[in-house]
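Structures given as structure tokens follow.
Okay, so subunit A shows up in both of these, paired with subunit B first and subunit C after.
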Partner chain A sequence: MSQTKNTSNLLWGATALGALGVLGAYAAAGPERFWANWILWFVLLFTLGLGSLFIVALEHLVSAKWSVPVRRIPERLATLLIPAVPVGLIALAAIPVLYPGARPEAAHHPLLAGKAFWLSLPFFSARTIVALALCLLGLWVLVGGSLKQDATKDPAFNFRARKFAPAFMAIFALVITLIAFDWLSGLTPEWYSDIFGVYVFAGAFLSGLATTALCVLHLQDEGRLEGVKGDHLYNLGGFLFAFTVFWSYIGFAQYMLMWYANLPDEVIWYKVRLAGSWRLITLALAGLHFVLPFFALVTRDSKKDPRRLRRVAFLMLGAHVLDVYWLIFPILGASPRFSWPELSFALFFLGGILLWIRGAMQKGEDMPVGDPFLREGLEFRL
Partner chain B sequence: MAHDADVLTASGIPAAEAERYGHNLPLIDGNKGYHQVTEEVFAPTEQRPPLRWWLALAVTLSMLTLGAWAVVQTLTRGIGTWGLNRTVGWAFDITNFVFWVGIGHAGTLISAILFLFRQRWRTSINRAAEAMTLFAVMCAGTFPIIHMGRPWLAFWATPYPNTRGSLWVNFKSPLLWDVVAISTYFIISLTFWYIGLIPDLATQRDRAKTKLKRTILSIFSLGWNGSNRTWSRYETVYMLLAGLSTPLVVSVHTIVSMDFATSVIPGWHATIFPPYFVVGAVFSGFAMVLTLMIIARSVMGLEEYITTRHLEAMTKVVLATGMIVGMAYATEFFTAWYSGNPYERYVFLNRALGPYQWAYWTMVGCNVLSPQFFWFRKVRTTPWMIFILTIFVNIGMWFERFVIIVTSLHRDYLPSSWAMYRPTFIEVAILIGSFGLFFTLFLVFTRVLPMIAASEVKGVLKHVEH
Partner chain C sequence: MPETSYSVLGVFETPDALMQAILKVRASKLGTVEAYTPYAIHGIDEALGLRRSPLGGMVLVMGILGALTAFGFQYWISAIDYPIITGGKGAGSWEAFIPIMFEVTVLFATFTAGLGMLHLLNKLPFFGHPVLSSKSIKGITRDRYVLALEAENEAFDSEAAAKTLRDAGAIEIETLPAPDRSPFLTSDYILRTLGGIFAACVVAGLGMYFATKWFPLLKPMANMQDQPRLNAQKASTFFKDGHGMQLPVPGTVARGYLPTATGTQEEAAALVNPLPRTKAVFATGRKVYTNRCEVCHGAVGNGVGSLTAAYGAKPANLQAQQFRDYPDGKIYWAIVNGKNAMPSHAPYLSEQERWAVVHYVRALQRAQNAKDEDLKVAAR
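What follows is the complex of A and B.
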């Protein structure tokens, strides 16, 4: 018990220290760097929450049974969308600073004039607010309903969730595409790539999967989630493997087609990322987000082994952070920025996210005990 | 395994409603035993074909003959018999090529990806769907070969040291990647299909009445004896092949999409093309499987094997992929506007409002609107409605490729070279011929080999599940 308390104090301490650094960063490092960091963590928080909600919705959509015993984990992680709302609303203040399309001079820019209204502060903000509201709606129906089912044991929730899941998928596709286009590719509004939403989706799903796997393994260490076996872990590992490959496929498709066509308005985005030190980060991303996890998970045994799965899940999360960093930070200059402001932001947000997850892991039962398919899920064998 | 249904019943939900809460019903109707499955599945291969089969064959062979005549016309008189011109150098035949490759995606997706996802409803349909894949890839392959003009030199497309000086293929060309991707896909799909057939070929061998038939089937069933060891090795090989086929399913249409997307032609150069083509291929492939299966199950009396539950599962795949295709259309349109590139913008406006707008709106209507009916359970479980809607999807997906290819080419950067394209009778005849080839092969298949994987279906019978 005291260990739990110690961890909790440590996390609060880290968050508080990070908060000081974050305030200091605004004063000392300048607004551009401050907001770049803020957006990095907004996107990370948002993709983790929405990626987790996607896992929940996917289960209802296809009536998967194997994942019922672990469903509570992504449900709890999806509640991160709640703190993502204030973080996202504060991020709106970054729009005039970091997003060239929202500045008044965009109306006279030859490439931006035609879409100045789309990129303008009011419309940009409105889209983000609608996107966040839609996420909360999904959270309320899918996660709120499931938590209530613990007590009521009413299978009507399964019926409702099955009906709602396809609609949620449509909402999800719209929201993730908007967030990707607005917050990430909007940093360089002259650049465009129609696959970009799919790319961000792949990262979001992976971050949700990796965190789910880590939380499942952690709760198992605590002696919770009794009945979840190697077979369930295998499926989580299988999904991680499949979507690592999917992310790489999408990333490669975008890169290869732009490289092959060699059009100035497209390659500029990669030109920055393949120059100087960014080149190393690009290569590291390919290695950490694809090559390493691919070989780590390709064998059957590695997906069942908790130790390996934990390592790969950590690796995937780290690679996802690097990916979003790689999408945002090149706007700050030719050399990658990483020192105390970035560390402070990491302390603040990681501490906060971990505190939230710790709290969320106490919410409701560890498994959806009111779900009629829980027993079938526990009996799942490969 | 029936626990969940018990829980649902205890909560006051009638058994008939359980499915709507996510309960899986048994896959095969009619409470069949093993022997009955064998008798029913192998019967068509052991009896004389009925008259209507001969009539159907006569029709498809006539279509094939028409196509063969048109191919001879093309080869003897030249590509000038087609409606191509200097501006539109790719049109009808490449549309047909992409269309058929797309149709060829459902089979291996069903047998490989659904296998890896442990979707057991695949067992009733995988054999026929894989056969369709092979036939569709054969149809697809003929088009680029005819388009070469001198098909007897088609082997020049393979890279090997030769006596033609330093004449090598261009490894940087996506067209060469196509040759590699499609031939690999065909070989692996054929292998996968054949491996899956072996246990059933052995059954057919054991049931064969004539010596010749038994000898042939003995050779092809590779001495299958049904022992535990044989089964265990067989299942390992099957799973490995499923794993190997999965990237192939994705790679083929990815590379087909790169035939277009690596260029700098507005409307072709789009980064979303690879996943969008793959999803579109799955969409069209499943639609074709449904179209054909609905006919086959009713003509051959297989309603208890290919049940409305199978049809419903497939319509859901059609709906999901149709929604993704619609999303891709919207993203393409949006990005064309967002790019600020006047050529991109013009191509998309020209698609929707230009001289080929009828083709564009046919595509949108068939691919985006018609699958929406599948939101209704009643439509998903009524075979004739599915039949009509999947025909629309087939038409729509053909037009999608036509729209992409022709509208991007016919008005290029230089207005003085703008032109229209209209197919000639010869080109239409070749398309009809390819359908003739496809259906002829399918008809022969239904009479020569068991259309349903009997050995796999036996694993999902109701009493096995309990």
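What follows is the complex of A and C.
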């Protein structure tokens, strides 16, 4: 018990220390770098929450049974969308600083004039607020309903969720595309890519899956989640494996088409990422986000092996952070920025996210005990 | 029933009875234990002690081999054997290889999985497994669970096997003969197969011939052919002038044909030949000289070419002291701008070729005015 108290104190300390650094970063490192960091962590927090909610919705959509015993984990992780709302609202202050499309000069820019209204501060903010509200709606129906079912044991929730899931998928596609286009590709509004929303989705789903796998393994170590077996881990590992390949497929497809067409307004985005030190980061991203996890998970046993799965899940989370960093930070300059402001932000947000997850993991039941399919899910065998 | 029995089947009523019997039957060590069930039973692999199939490893290795094959093949074609610049991409652009590498990886992997499973691991093809013609097969495909003790060698004790199975709880026993593993690819079989393929080709060929003859306008898939695109040598409403083909934008320069601003010949004297004196450069120079210069300036550059006598022209004698004293830049200037009756060769020769010819002219001059030490160098 004292150990959990120590961990809790440590996390609070880290968050507080990070908060000091974050405040210092605004004063010392300038608003551009501060807001770039803020957006990085807003996107990470948001993709983790929404990716987890996607896992929950996917289960209801296809009536999956195997994932019922572990569903409470992504449900709890999806509640990260609640803190994502204030973080996202604060991030709106970054729009005039970092987003060229929202500045008054954009009206005279030959490429941006046509989309000036779309990129303007009021419409940009309105879209983000609508996106966050839609996420909370999904959270309320899918997660809130499931938590209520613990007590009521009412199977009506399953029917409701099954009906809501297809609608949520449409909402999800809209929300993640809006967030990806606005917050990430909006940093360079001359550049555009149709597939970019799917690319960000692949990263979001992976970060949700990797965190789910880590939490499942952690709870198993604590002796919770009784009945969750290697077969369940195998499915989580299989999804992780499949979506590393999916991410690479989308990422490469986007790159190859732009490379082939060689249009100046498209290749400039890759040109800055393939010059100087950014080239190394691009190569590292390909290695850490695809090659390494691919070969680590390619065999059948490795997807069941808790030690291997834990390492790969950590790797995928790290690679996802690097991915979003790689999407945002080239706007700050030709050399990648990484020093105390970035570390402070990492401390603050990681500490906060871990505290939130810890709190969520200690509340209520570890499994959806009211779900009529729980038994079937526990009996799942490959 | 033949004299040597191959396997003994024991029929069980429930999967649980089968699973419990497996351990006892395996312990008897009378032969290989095999199970036949209407559906997959969880945990039966471990109970039977089956080894992990090597198929996964085979597929991985062949998949990687497929990727490497596709990469090597494309690289060899586009960067080594026939380097040609298409779409403005350099030779050996790996980005363009990836989709084909992916396809060939999948091709190799699926063929390995299919053929490896059927032929290498299941030893197909052969004529019918005896279990398929047993009395128990109806039960196996419905609601019976069968455990088989199969012969590993000639001294298979079918009596003991039957007893072991009955003791383990089997409700029925059946003894089966060995599978017919007589040679599969007999000449008769090969002839029939080839005949069948030939007949299929004849039918398909005749069918296609008459189909295109009777329905000449039939276009099953016209999407690729009829698309709104620009065709070479065809009119188009897309451009104002109504032509499908357009002239290059004014000022367009092809790769390697960048014009050098040479100014006057005196100013060009300062230009330095950027090419190294390598075998390849001299070979290029020689080729260009033979194709473009030799008719007038002669094979050794003495101004006596095959056209000289025919037209009474007087091309420069490149061996004259005046031209031997010329700096490289002045020769280059003459190639680019032309001189006297000689026209400009800039449109025909790339930057590299022009400078290569300058080197070659230098070599001709030195060869015609060789010193003693040149002979020593040549002898070495």
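In the analysis below, the second predicted complex is superposed on the first by the 382 of 382 C-alpha atoms of A that agree within 3 Å, B and C clash if a C-alpha of one lies under 4 Å from a C-alpha of the other, contacts with A are read in each partner's own complex, and residues count from 1 in each chain.
Criterion: a contact is a pair of C-beta atoms (placed from the backbone, for glycine too) under 8 Å apart; a residue touches a chain by one contact, two chains touch by 3 or more.
In this text, all values refer to a predicted model and were calculated from it rather than measured experimentally.
A.B. asks: After the match on subunit A, would you call subunit B and subunit C a fit or a clash?
C.D. replies: Superposition check on subunit A flags a clash between subunit B and subunit C.
A.B. asks: Classify the contacts of A:Trp118 with the two partner chains as first (subunit B alone), second (subunit C alone), both, or neither.
C.D. replies: In the superposed model, A:Trp118 contacts subunit B only, not subunit C.
A.B. asks: Which partner does A:Arg311 contact after superposing on A: first (subunit B), second (subunit C), both, neither?
C.D. replies: In the superposition, A:Arg311 contacts neither subunit B nor subunit C.
A.B. asks: Residues of subunit A touched: more by subunit B or subunit C?
C.D. replies: Result: the larger residue contact count on subunit A belongs to B.
A.B. asks: Touching A:Tyr260 in the superposition: subunit B (first), subunit C (second), both, neither?
C.D. replies: In the superposition, A:Tyr260 touches subunit B and subunit C alike.
A.B. asks: Have a look at where A:Thr299 lands relative to subunit B and subunit C in the superposition and call it first, second, both or neither.
C.D. replies: In the superposition, A:Thr299 contacts subunit C only.
A.B. asks: What is the contact status of A:Arg381 with respect to subunit B (first) and subunit C (second): first, second, both, or neither?
C.D. replies: Only subunit C; A:Arg381 stays clear of subunit B.
A.B. asks: With subunit B in view, single out which of the stretches 1-9, 199-207 or 217-225 of subunit C clashes with it after superposition.
C.D. replies: Clashes with subunit B appear only in stretch 217-225.
A.B. asks: By the touch definition above, which subunit A residues appear in both interfaces, subunit B in one complex and subunit C in the other?
C.D. replies: In subunit A, positions 256, 260 sit in both the subunit B and subunit C interfaces.
A.B. asks: Residues of subunit B touching subunit A in their complex?
C.D. replies: Where subunit B meets subunit A, its residues are 1, 3-4, 7-8, 11, 13, 20-24, 247, 250, 254, 258, 261-264, 269-275, 323, 327, 331-332, 334-335, 337-341, 375.
A.B. asks: For subunit C, which residues are in contact with subunit A within the complex?
C.D. replies: Residues in contact with subunit A: 42, 52, 56, 60, 87-89, 95-96, 98-99.
A.B. asks: Using the touch definition up top, name the residues of subunit A that touch subunit B in the complex.
C.D. replies: Its residues touching subunit B are 60, 63, 65, 111-112, 114-115, 118, 153-155, 158-159, 162, 166, 169-170, 173, 177, 181, 190, 192-198, 245, 249-250, 253-254, 256-258, 260-261, 263, 265, 372-373, 375-376, 379.
A.B. asks: Could you pull out which subunit A residues touch subunit C in their complex?
C.D. replies: Answer in residue numbers: 252, 255-256, 259-260, 262, 298-300, 381.
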